[in-house]
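Presented sequentially are two complexes of chain A, the first with chain B as partner and the second with chain C.
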Partner chain A sequence: MTERYSFSLTTFSPSGKLVQIEYALAAVSAGAPSVGIKALNGVVLATEKKQKSILYDDQSIHKIDYITKNIGMVYSGMGPDYRVLLTRARKLAQTYYLTYQEQIPTAQLVQRVATVMQEFTQSGGVRPFGVSLLVAGWDEDEERPYLYQCDPSGAYFAWKATAMGKNHINGKTFLEKRYSEKLELEDAVHTSILTLKESFEGQMTEDNIEIGICNQDGFRRLAPSEIKDYLASVS
Partner chain B sequence: MASTVAVELPHGGFSFDNCKRNALLEDKGFKAPKAYKTGTTIAGIIFKDGVVLGADTRATEDTVVADKNCEKIHYISSNIYCCGAGTAADTEMTTQMIASKLELHRLETSRKPRVCTANRLLKQMLYRYHGYISAALVLGGVDSTGPHLYSVWPHGSTDKLPYVTMGSGSLAAMAVFEDRFKPEMEREEAMKLVQDAIRAGIFNDLGSGSNVDLCIITKDKTDYLRTYQEANLKGVRQGTYRYKRGTSAVLKTEVKKIVLEVIDTQVKPQAMDTD
Partner chain C sequence: MAMKGKDCVAIAADRRFGVQAQTVSMDFDKIFEMGPHLYIGLPGLATDVQTVSQRLNFRLKMYELRENRKIKPKTFMSMVSNLLYERRFGPYFVEPVIAGLDPKTFQPFIASMDLIGCPMITDDFVVSGTCSEQMYGMCESLWEPNLEPEDLFETISQALMNAFDRDAVSGWGAVVYIIEKDKVTKRLLKTRMD
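Showing the complex of A and B:
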């Protein structure tokens, strides 16, 4: 019955669902796992970056990227859709800065990005984005970290810790056991690696995962050498 | 089934719809308000390790000083700064827009921004407005290819030179540069030269005045010296009209109590009536 309503994005199915969005979420669940954990003094984002062949130049493409100097983002799902949202998010942040002469707060940015994603679920001739985003930011005024998830439907949630992509249910269960309010950033990085390890097939090296941290010094992607050190302390 | 996709994009550029109306009003004797100009001395030089930019701090509205201590050296990126002469709003907004564009460019390319990129962005925007954006700029910075200095004119032309001056005090400042500039100067010598050039503008041009701001950009760091030198201190009063207690002799003292009716009212915050 639902197949009859699956071609048109802007039509509801009898059960009250927008089937295209469900399918978009399925695309996300088929994507590479990513993890985000909010600690007392910062946020960590981690993702699996497995390339299909050893011939790929690992360090040329990044999954974790900057939006502003205080906010970074990672995704699970379709890479090209992520690139579009990344460019949009950067432009939105700059527009805010030009208007208010202040760095955009993380919550405001997430709201704007989520609005963009929602627009693509209610317009003609377009399809929803096949990505879920994890946005990590540090608010300079409030001096606290933030972690948000944006879904293809345009919904956004603030998380203390979450997992997306393949095996996200197991990931979230693992985090529920491991998460504590008193986590420091160092421990959070440790925990995120362990969470990724749960669903990792093969050997985890500094070239097939990416980690980004966000604290009062801003957002930063860890260098492969730093990731190597963390991996050494985990195994 | 299909509805319109995106929001209608706003048209860029100026709208000349009101020009006829304004001309009619001027004929009737109603003059348009004049723009807030900076009437400035700005200068920049390339020295051994980088670039030194200097500016005065007076903003004028015709013949009145509107701001005695305004900031004329604008941030473009951590390694590129831009001094602005002309209409204050134009220089401020233009440099902010280019700073924003350069930040987006930096994020896309993952590289430290280059001065030539900022130059391109500025000239392309100013040319599009055919000189109506009255911004004359001195753009300087240090990037991966070394130190660079440009002067950007309101119509969109640029010059790449070892030393430049702009603004109403540019001739006074240029006279100092032409006399004492040498290539490969040391930092202190370069700072003194720019400072003296700006001072020449401050003391010999009516449109420039107050203090000297300097910005020294090198490969490793940038020093933004706001109010490097207070060239014009406001005069200190030499005497006072206040008299000491006891100057007038007290002959008689009488204290009377005045009965007042005091009404005390407290204003308490009340909940808003939202019915």
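Showing the complex of A and C:
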């Protein structure tokens, strides 16, 4: 094992910016698009999962994953960095449960994950994560849905609806027009597919997008057959 | 000891602080307020009573600041259990008793724990201390479900006093808290000072 660096690799530029974080955000913007929409009775996460070759086994690896039974996550950016954060998030959630015998509230989990991401912008010898996360959760106590975004800098934002990755500016503009406070979960799924479609090249099928929903029954990924039904109602 | 009533809970303790046979003080409070409707009683070694209550207060305040909400009694019980089990092989010599109302639903809650944090939630009463066997006897005979706050006060006072009167190292004054949705009443009992 090499000696740990004692100095941070992320340092300020004369203009007051942390350039490494800017570059990390550029890595995120080059990643596959993902969308999150909060409805009255739940949250939907959707992402593009285009594979470069038909030889890929689409259904074995998932971009949308569980952290706890009430909280799920999706990313835009570098897959391997996401895996590390996913494991950390799961561990943080279980540590909370071990102490308090209560499921971690979404806001608390997001705060803890964001702290981890921030540590990697200040610790010695490490680089920031090249992913932005969308965390969707249902709070059992307050009985309401939450949607949060975590950036490589460690900043986190609560959203009603947002888009990340390639074409996120157009995505957000589209959502600004389409979003309404009174959306039901079904309509939200519909809207998220439409948002993804804006930046999609080629034919959208149930194998090259992934959708996850979070409501009071918890978080779950939609099966390809369910996605197919939604796609049919869109086109 | 703590008892459940109708939309209320009661927690009571004696006030003796002694070193085996010698009584050092008769106003040693062992019941600590952890929230507007959450109280914990800590009988046992006096130094650990103070340390545990201080450490618990610290953890509780951090929780409330971080999560921006009042803690639920059940979650608080898990927090106490965790704190005690951290010292599994060199424990704090306290056996806590928790009484409170849920911050949102005002459901009554009582629980007790052993010195390494094994929690026990009951629907009637919990007891802890040197005269716990006498207390179990008194509670078992006097308690009945759905007592109004006034009746609960009578019941818990009689149970506590008669139990510690049968124990040489307990007694010398008693304090009783009745916790209801809109108020908490603290009463000092006139007891045999022996």
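Following the convention adopted for this analysis, the second predicted complex is superposed on the first by the 226 of 235 C-alpha atoms of A that agree within 3 Å, B and C clash if a C-alpha of one lies under 4 Å from a C-alpha of the other, contacts with A are read in each partner's own complex, and residues count from 1 in each chain.
One rule holds in what follows: a contact is a pair of C-beta atoms (placed from the backbone, for glycine too) under 8 Å apart; a residue touches a chain by one contact, two chains touch by 3 or more.
Only a predicted model underlies this, so the values are computations on that prediction, with no experimental measurement involved.
A.B. asks: Regarding the shared-chain residue A:G16, is it in contact with chain B (first), chain C (second), both, or neither?
C.D. replies: neither
A.B. asks: Looking only at contacts as defined up top, I'd like to know whether chain B or chain C touches more of chain A.
C.D. replies: B
A.B. asks: For A:G202, select first, second, both or neither according to whether it touches chain B, chain C, the two together, or no partner.
C.D. replies: In the superposed model, A:G202 contacts neither chain B nor chain C.
A.B. asks: For A:E102, select first, second, both or neither according to whether it touches chain B, chain C, the two together, or no partner.
C.D. replies: The second partner, chain C, only.
A.B. asks: So chain A touches chain B in one structure and chain C in the other; where do those two contact lists coincide?
C.D. replies: Overlap of chain B and chain C footprints on chain A: residues 98.
A.B. asks: Give the list of chain C residues in touch with chain A in this complex.
C.D. replies: 66-67, 69, 72, 74-75, 78-79, 82
A.B. asks: Show which residues of chain A lie in contact with chain C when the two form their complex.
C.D. replies: 98-102, 105, 107-108, 111, 141
A.B. asks: Help me check something: in the complex, which residues belonging to chain B touch chain A?
C.D. replies: Residues in contact with chain A: 1-6, 96-97, 100-101, 103-104, 107-108.
A.B. asks: Would you pull the chain A residues touching chain B in the complex into a rising list?
C.D. replies: It comes out as residues 8, 10, 65-67, 87, 90-91, 94, 97-98, 123-126.
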